[in-house]
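What follows is a pair of complexes built around chain A, which joins chain B in one and chain C in the other.
== the complex of A and B ==
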């Protein structure tokens, strides 16, 4: 019996609870950017750059609203059903493949970036391939469980990661409002590029467009709550960074949040960044798995006759190989940046595209209805 | 079964990742303290001295110091590796800078630490009068390990005096901030002991002047709020002219700074101090258990703090160093463009300072 579970798609009968979903959404938003987020906002938005996160969060909310509208207008149909009712599948295949490629690429690059940082900061002798294998194996286990089991696991993993936020309280003695300066968005700024980079911190949420068949009816509020949680935690951390570091110090630190956690010292714990970053692997696992899961869903939709496990093998194998390719931190960051730009493109283009199709369908239906009525 | 296999493999992977590199503690030289100095040779300008504990086969603990000259700090570390059978690894608790080197500028050396994750953000920094090398190599009979001694010294200073609590993070924070200059404690090895001489203030990354211990106390008051501090006051009695010692403890001080930037050429800054403390020592002739004389003593303390603050501020202006952070207050009153166009050094030298002090003696101790 155990063997059958999750393979034949039985899990899909169980639907996700909104609370679980909001934690899932919060966890799958790309948290690795968080470690450099204060520097990114300082670099591209200048002094008091932390405020920019609010603006970007508004953009993300617009993005989610589109997804919510699709769910409502589509009456809970999956986006594949919506798209394929109008556009033939073979036209969509290249686009599907592109999305799959980007998502698998992003997952691999995030994984590799994490390992690079881990090696650089803590364990220079860490064997990369073993570590990637570990991630892939865990992803495999999670993916086989299907979205329902995955979500439950991710909620537990999230509980490991969150307590580290409380460490921030230990930094209050060093906090000073004078360091905020009274200047807003001054210095060498590049709002567009910065906006894109900060947006990557919210990525991951676009995969939720595939959740439609697996969720309870009023699930869309979970999207907003999850995103709000991310926004609040990003805001909190960048806000503290700007009062804890001087502005130019943030610019000179690749991972300010790492330094932030490094400085916390409790009677039983010093240099907490090591622990925090290790525990952060759980959040990372969630991000990686959800992208792999997204890719698997699209594959599964393209060719329905093949078992899901086959796709999981294909996805994980390509993810493993991709993760082995880059050989320097700069390389990974460059790749990740481009893939993230593509992912932002997907996050906006896909819902807009589906919305257009929905509108044409609705208009068609109405015309058909009117003509039938006229008869 | 399949599940269990995969979980087993995952667990194996997890543990195998730990086999990448091993460090055996007996084969390591874990640096406790490092001192950087200027060397005599032009080719290898930086002299690095390291101190690390050693354990002999019989289990006897000891310390060892090594010195090497090099072109950069890491160049000297590589040369130091050739001087010992142990593998040198980081773990520093204290880093010392020689006086000469500090006067030339420290940022090149400190930036290497920021690049290297082995150096924590809480690493303590200090300046040594003379050569840091000499301080680490100094033999004091009752002190087996100078580095450990220094570290506990730092810890004590940090709790006693806020401005003396300096580490890598604080130094870099103030260095990168355009409105404040960093400070580091200054130690000396001249006498029988390792001794705190005062506080070295910086202009950018260059050590410019040393404040005496009294000036350091005043700077501490001017910099920010204090909880449970202490203050030793040595003043002359107004009538007799005799020296009077007064020791205040349990000081709680509130600090309020205001700047007036309306006149660009002649800005003013005002520091208001509200000090509450108890008297633990008083060698003067007044009967301070009486209210009237208490008020008089309070006035004397106020005057003492005001005159010493003024002296200190004049000294700081002379050396154009701003460890109090007046610059950041001025910056926050101006627009971005004006602040960037402002010649801060010149403005700072022309600034007028006002210090207002209010002292309340909460109690005068046990004796009447």
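== the complex of A and C ==
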């Protein structure tokens, strides 16, 4: 049995600190897309494609702003409370199930993609099911503690991933501005498709719409800070990539960032990309767990009488089975792409929907002359 | 899941009942008055419930078959005294009781007995308890008096063997509660130093003291600790280290959650930091709460030298932590799966030293690690002089011979030795033992999955550590939850003008941290 802590033993009363939240947001954003990000921006945005990240980041900020507005207008009520005050629960169930499906799917596909890449690059003899089982075990360990303990662990895990960025300084001698051109966004470009693909690197943040009952007031700045951190790290990596490789090289490399780290070597260690990619598992763990957690929250809201541990069991079991299904890297990537598109749809549609409901509620209250306390 | 757990829980309860070791520290009762009552029970309850008023015959009957029991009568069987010769100080006894009684110099009994030395007691239980604590019970004319003349042999205050410092005070606690209290009291000359006396153990009735500084320590922590100790139901405890395992939040963790020490200077530092200190009679160890993981990496030496040196040493200890955990595992991982990670210049020497070894690296590493653990355990159990011999035999003879016999490689011997030495840098012996135990898990994971295995093990460890709590306050403070201001005094040893005034956030924190922030 999970020990209950918090005020009167109530888990929900635990509040997340903005600093922890910023790190959490930053950690759950960096997906595996980071490794192929320079290629993606080069492929779809052409020369100097790294600038496109700024535009995408603006879009993400608009998305976050919507979440912040919902928190402000809803006075800290959870989105389920807001929705179910107007729309009956049974109407929402199919949508909830869709969201849960997409989130569990995306989590297990990310997990499987990581395993495929790891297998391909470093460890051909890797037992896949054991690997998935370990991911699931870690997720279980995190999930059963609730969001508060999860965040505590993720903050420390993130501290292990961050030193990776410092390896970039090691590459500065090889960096050359000659490789840049003065032409912007030239080449075989497809802004819409590229925009969607780059946007997937920022995904994960949409789960924060479920944080409302667990956070302190004024937490919304953490969303922006977290997002800013990822934007800066993406920009830094793509910028260095564009000056380290030639444009053609980037286009032809599936994972340019991996190649980037292959060049690092210290006296007693070479090819640090292995370590970098291994420690990246922590970041993936964070993103997987936050999606699982989101699914668990929605499940818990749908049927409140069932214990959270049951939902964790269901979610992890389905995640495990889903991750076993794909048989090739191409398959996983295809699945992941479609699921990511769905997730982007959720990231935009859900806040817009909730905002609409909030506006109707506010207008209704104004007409009836009731305050927000009236139920 | 839920049902499965309840079944396991029931089985556990049944097992506990069957062994008579009923640990109920989780079931806290709100009414503390009711809880104190069971500990007042004595063997007398089992003999006869009706024996309430203390009489000389009943006392003798209950204490029969005790070799050290002394019973004497004076004044033609008008006055009886009963005491344990092993628990009283013979000189005080002679001076205060025996010679006045022999000479019958108690001219006015009633007046003499009004002195504070004499305590009138009617209750049979209390009289028995009093005798067991070293009092002399005096029966006269239907009245019973308890006279405290307790005194027994104790070990003198000596230097701590498990926590040595180079600079700073060298005294350490011994096994006697009063001496230990005096060591603390004379360092805190303040009336605000408060103590709560409790007793643990149905049979042993071991005294436990909770010490705190009023106004600095958080009242909730004191209350919480008191409730927890009161709810312990056990026959006997022998040491503070036993008690803290019973009142731990997470009893299935390999890591010690209460910080224990033998040094009064550390105990006092903790008191000033707003923590609560617990003393157990018959134990030279005291425990502090709330403690964090990083407390175990502090030594008084850090504070007794300039802060730059102190910080340097502390960073060295955290490096030692990682070396202990990861170095051998990393060797196994690289030599099994990731040869490409070794630079060419180093590859040759590693290959050369491994070329004669017929085992895979994991077998080789586990074998050597076990040998080192054997040596350590043998050294700890043997007298110092033989211990040194074991070190020489183990370190030089086995190490050298193992390489020459082709069982292990030279490089691995260096790796294992370095990680063993690193593990001893951690000042707390219990923490160092825990880390050494956890290291085996890392080595196994490295042998199974290579580098990613090490990171998985690290992930499991971190999630476990951040999830731990000590008396409901987070164990991994101040890193997570993050309190940058406290880093100056826990992660590094900052200069005194930088160390935050007042108490660290952890002393203030109950309810797993969220309360103070709201």
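List of remarks:
The rule is short, and it goes like this: the second predicted complex is superposed on the first by the 358 of 375 C-alpha atoms of A that agree within 3 Å, B and C clash if a C-alpha of one lies under 4 Å from a C-alpha of the other, contacts with A are read in each partner's own complex, and residues count from 1 in each chain.
Keep this in mind: a contact is a pair of C-beta atoms (placed from the backbone, for glycine too) under 8 Å apart; a residue touches a chain by one contact, two chains touch by 3 or more.
What you see is a predicted model; the values in this text were computed from it and never measured.
Contacts of A:363 after superposition: neither chain B nor chain C is touched.
Of the two partner chains placed by superposition, A:91 touches none, neither chain B nor chain C. In the superposed model, A:122 makes contact with both chain B and chain C.
Contact with both chain B and chain C is seen for A:131 once the two complexes are overlaid on the shared chain.
Residue contacts after overlaying the shared chain place A:141 against chain B and chain C alike. When the two structures are aligned on the shared chain, A:281 is found in touch with chain C, with no touch to chain B. For chain A, the partner touching the most residues, choosing from chain B and chain C, is C. Contacts of A:269 after superposition: chain C is touched, whereas chain B is not reached. The intersection of chain A residues touching chain B with those touching chain C, taken from the two complexes, comprises 3, 122-123, 126, 130-131, 134, 137-138, 141, 265, 270-271. By the touch criterion stated above, chain A contacts chain B in their complex at residues 2-3, 47, 120-127, 130-131, 133-134, 137-138, 140-141, 174, 178-179, 181-183, 186, 245-249, 251-253, 259, 262-263, 265, 270-271.
Those residues of chain C that touch chain A in the shared complex are 1-2, 5, 9, 249, 337-338, 340-343, 346, 448-452, 454-456, 458-460, 462-467, 469, 472, 474, 476, 479-482, 511-512, 514-515, 517-518.
Of all the residues in chain B, the ones that touch chain A in their complex are 2-3, 6-7, 9-10, 13-14, 16-17, 19-21, 114, 117, 120-122, 169-170, 172-174, 176-179, 325, 328-329, 331-333, 335-336, 339.
Chain contact summary for the complex, chain A toward chain C: residues 1, 3, 5-7, 13-15, 17, 19-20, 118, 122-123, 126, 130-131, 134, 137-138, 141-142, 145, 148-149, 152-153, 155-157, 159-160, 216, 265, 267-272, 274-275, 278-279, 281-282, 285, 307, 309-310, 313.
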